[in-house]
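Think of it as A, B, C and D in the order they're written, each chain with its own count starting at 1.
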Amino acid sequence: MDPRLAIISERLSRVKRVIAVASGKGGVGKSVISTGLALILALKKKYKCGLLDLDFHGPSCHIILGVDKLDIVEEKGIIPPVINGIRFMSIIQFAEDKPVALRGRDISNAIIELLAITRWGDLDYLIIDMPPGMGDEALDTIRLMRNKEFLVITTPSKLSIGVVEKLISFLRSVNADIIGIIENMALSETSIVKEFSSRIGVRYLGKINYDPGLERCLGSVDCLMSTKFIENLQEILENI
Amino acid sequence: MDPRLAIISERLSRVKRVIAVASGKGGVGKSVISTGLALILALKKKYKCGLLDLDFHGPSCHIILGVDKLDIVEEKGIIPPVINGIRFMSIIQFAEDKPVALRGRDISNAIIELLAITRWGDLDYLIIDMPPGMGDEALDTIRLMRNKEFLVITTPSKLSIGVVEKLISFLRSVNADIIGIIENMALSETSIVKEFSSRIGVRYLGKINYDPGLERCLGSVDCLMSTKFIENLQEILENI
Amino acid sequence: MHEWALAEAVIKTALNVMNKEGGKKIVELNLVIGELQTIDMDAFTFAINELIKGTAMDGAKINYEFEKPVFKCLNCGYEWSIESLDKLLNEDEIEAIHFIPELSHVFVKCPKCGSPDFEVIKGRGVYIKSIKIQE
Amino acid sequence: MHEWALAEAVIKTALNVMNKEGGKKIVELNLVIGELQTIDMDAFTFAINELIKGTAMDGAKINYEFEKPVFKCLNCGYEWSIESLDKLLNEDEIEAIHFIPELSHVFVKCPKCGSPDFEVIKGRGVYIKSIKIQE
């Protein structure tokens, strides 16, 4: 009998909202948006906020935050280190910069272990940066976390919308809560994401423009907080 | 005893080159590049070319090719339907537009099944469109396919390069052949990917610029073949 | 008739095992047929019988054991079995699963909680249970 | 001392099982300790003994069975076991695996083919083998 499953709900019992930033599609901005959200909530809104990077194959939140090593603090479990006011957990805490090539079964096991030993404490928000796909990470988030809500990200491309439509149809089939859709990396004026959202009946939360100034701010939180990207995201946050 | 593993090498025995288009990172252009490659090889170079979309969670090649339904032709196995001169296999042949949320174990099983029953016949090239990550799809491509070579795609972003560096270090640890790196979606002039390639000692194959005309050509092969994107890709192809 | 491809896989595997163990002939082959894959047994046995002609398996006794599919939900723990796919799924769905049994996750849901997040713990497809080899 | 968190998980699970089965008291608990996770047994048993105080498990006999890690390579089929991680890995690597045993895939390779694509078929971490409950 696996002793870990029973403790997970207790570990998350004092987390008010769990928001999984997901897409199905890769490269649409899940990581910059989840990290940006956590930063806005912690630094500007003064909420108690956690950030869990669940993309073990392509962890990115630490690069955005400018962290390359995280110390492990143990106290009856693992206490997430506080980075820029955010309680942050990522596989890089354990694997550092090494490639973590894991099959789904091992990913699932690692997620269960992580959730069983991490003491998040009191949190207003736990933001989860999801990997692309609808695999073990998504299925375990659905299976193991009670209060999760999904925030869905897409670009205005046919290819992204095609995949996102599948994710939403899957999330609905398992009765998962969907907060709405954020359009990211809009380069030209189109209403394709707005139309898509109304066609499938999910709330359109707003648009983040392509920000040519974002790249050079990755790794520096001060710089990041002054970008148009964060400005756009903060406006959208009022809707969430 | 699983009877399927032994037959896979026979099914691929008349395929000259297997090229897995990979990145680790999502949204860098793996699908447009693998589909574009297959089209150039088949239509312009008159090679016998197959295209296998191994991204079960986010299949995209069919959208790029403008196909929404694929008939199943059985003849002592499954014969890949020919689309624009390409022998094409995708999970949508079986699942159509429904979401395919599978755990890694099931993905692995589905890949094994697909490889065991598909009769590719004589091919000069089999192009594989890989999903992001270093999970079951990557591990099974490495484990099950003899002559595979990896073609690695990145954008010039720190976030993409961070993940691609992990993929390459992983591919090296398993002695997989790496053809080289393609830089995609260059929007401004930077040499970051070139420098990265020389630092890690992998061939830099060339650059594909961000092409604002690509999006409207997705779904129409004639339109696609006339894009700057395909022009750039074809130049790079001379190096492969 | 992709059953032919599955039969080829079975026979190639059995002959591989025989060769590895230094045997001369396969005298008996015990196969389990998982019913989730709804294999056409006429086509499959026809293929097996054609394919063994002239090989070291020619004349082997081939036994088929059938296994009903059994599922276990990872979401709620419920375990269930399906007597017959026909009552639950339409023809296209059964055909998809016929080719790729994992597509059951697309069409079958846990009868208790509705989740597609289950394991197929029995009856997925074809496997070799045992082989009797003559030295 | 993340052993405390693991002990909490074990005890919560055992008590859940007891409640589900309508029991009053746990009299015996059989735990398997997979050695891949190099659990600090002093810390773990200390935590277990502290945590059961005043619960329906107080006074239960707790047995620990140790399991060496056994791996099976998915690439070449080779099966192997590790007697002691110390000789193979450095302190940081052992610590990473201590927290997340799946990180063994980052640091351990198949001794025959060098692949990190293996299964841990035994000895991964802590699990409950059986519980004796008093009605």
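Some notes on this structure:
Convention: a contact is a pair of C-beta atoms (placed from the backbone, for glycine too) under 8 Å apart; a residue touches a chain by one contact, two chains touch by 3 or more.
Everything numeric here is computed off the predicted structure, so don't read it as measured data.
Shared contacts of subunit B and subunit D, meaning chains that touch the two of them, come down to A.
The geometric centre of subunit A is 40 Å away from that of subunit C, both derived from CA atoms. Distance between chain centres (mean CA atoms), subunit C to subunit D: 35 Å. In terms of their C-alpha centroids, the spacing between subunit A and subunit D amounts to 30 Å.
Shown for subunit A are the residues that touch two or more other chains, namely 98-103, 107, 139, 170, 173. Multi-chain contact residues, meaning those touching two or more other chains, occur in subunit C at positions 116-117.
Chain pairs that touch one another: A-B, A-C, A-D, B-C, B-D. Those residues of subunit D whose C-beta lies close enough to touch subunit B in the complex are 74-75, 109, 114-117.
Looking at the complex, you find that subunit B touches subunit C at residues 1-7, 10, 72, 74-78, 91, 94-95, 98-103, 106-107, 109-110, 113-114, 116-117, 119. Against subunit B, in their complex, subunit C makes its touches with residues 1-2, 4-6, 8-10, 12-14, 16-17, 95-96, 99-103, 105-106, 116-117, 124-129. Only residues 24-28, 31-32, 57-58, 60, 63-64, 97-105, 107-108, 131-136, 138-139, 155, 157-160, 162-163, 166-167, 169-170, 173, 187-188, 212, 215, 218-219 of subunit B touch subunit A when the two sit together in their complex.
Of all the residues in subunit B, the ones that touch subunit D in their complex are 139, 142-143, 170, 173-175.
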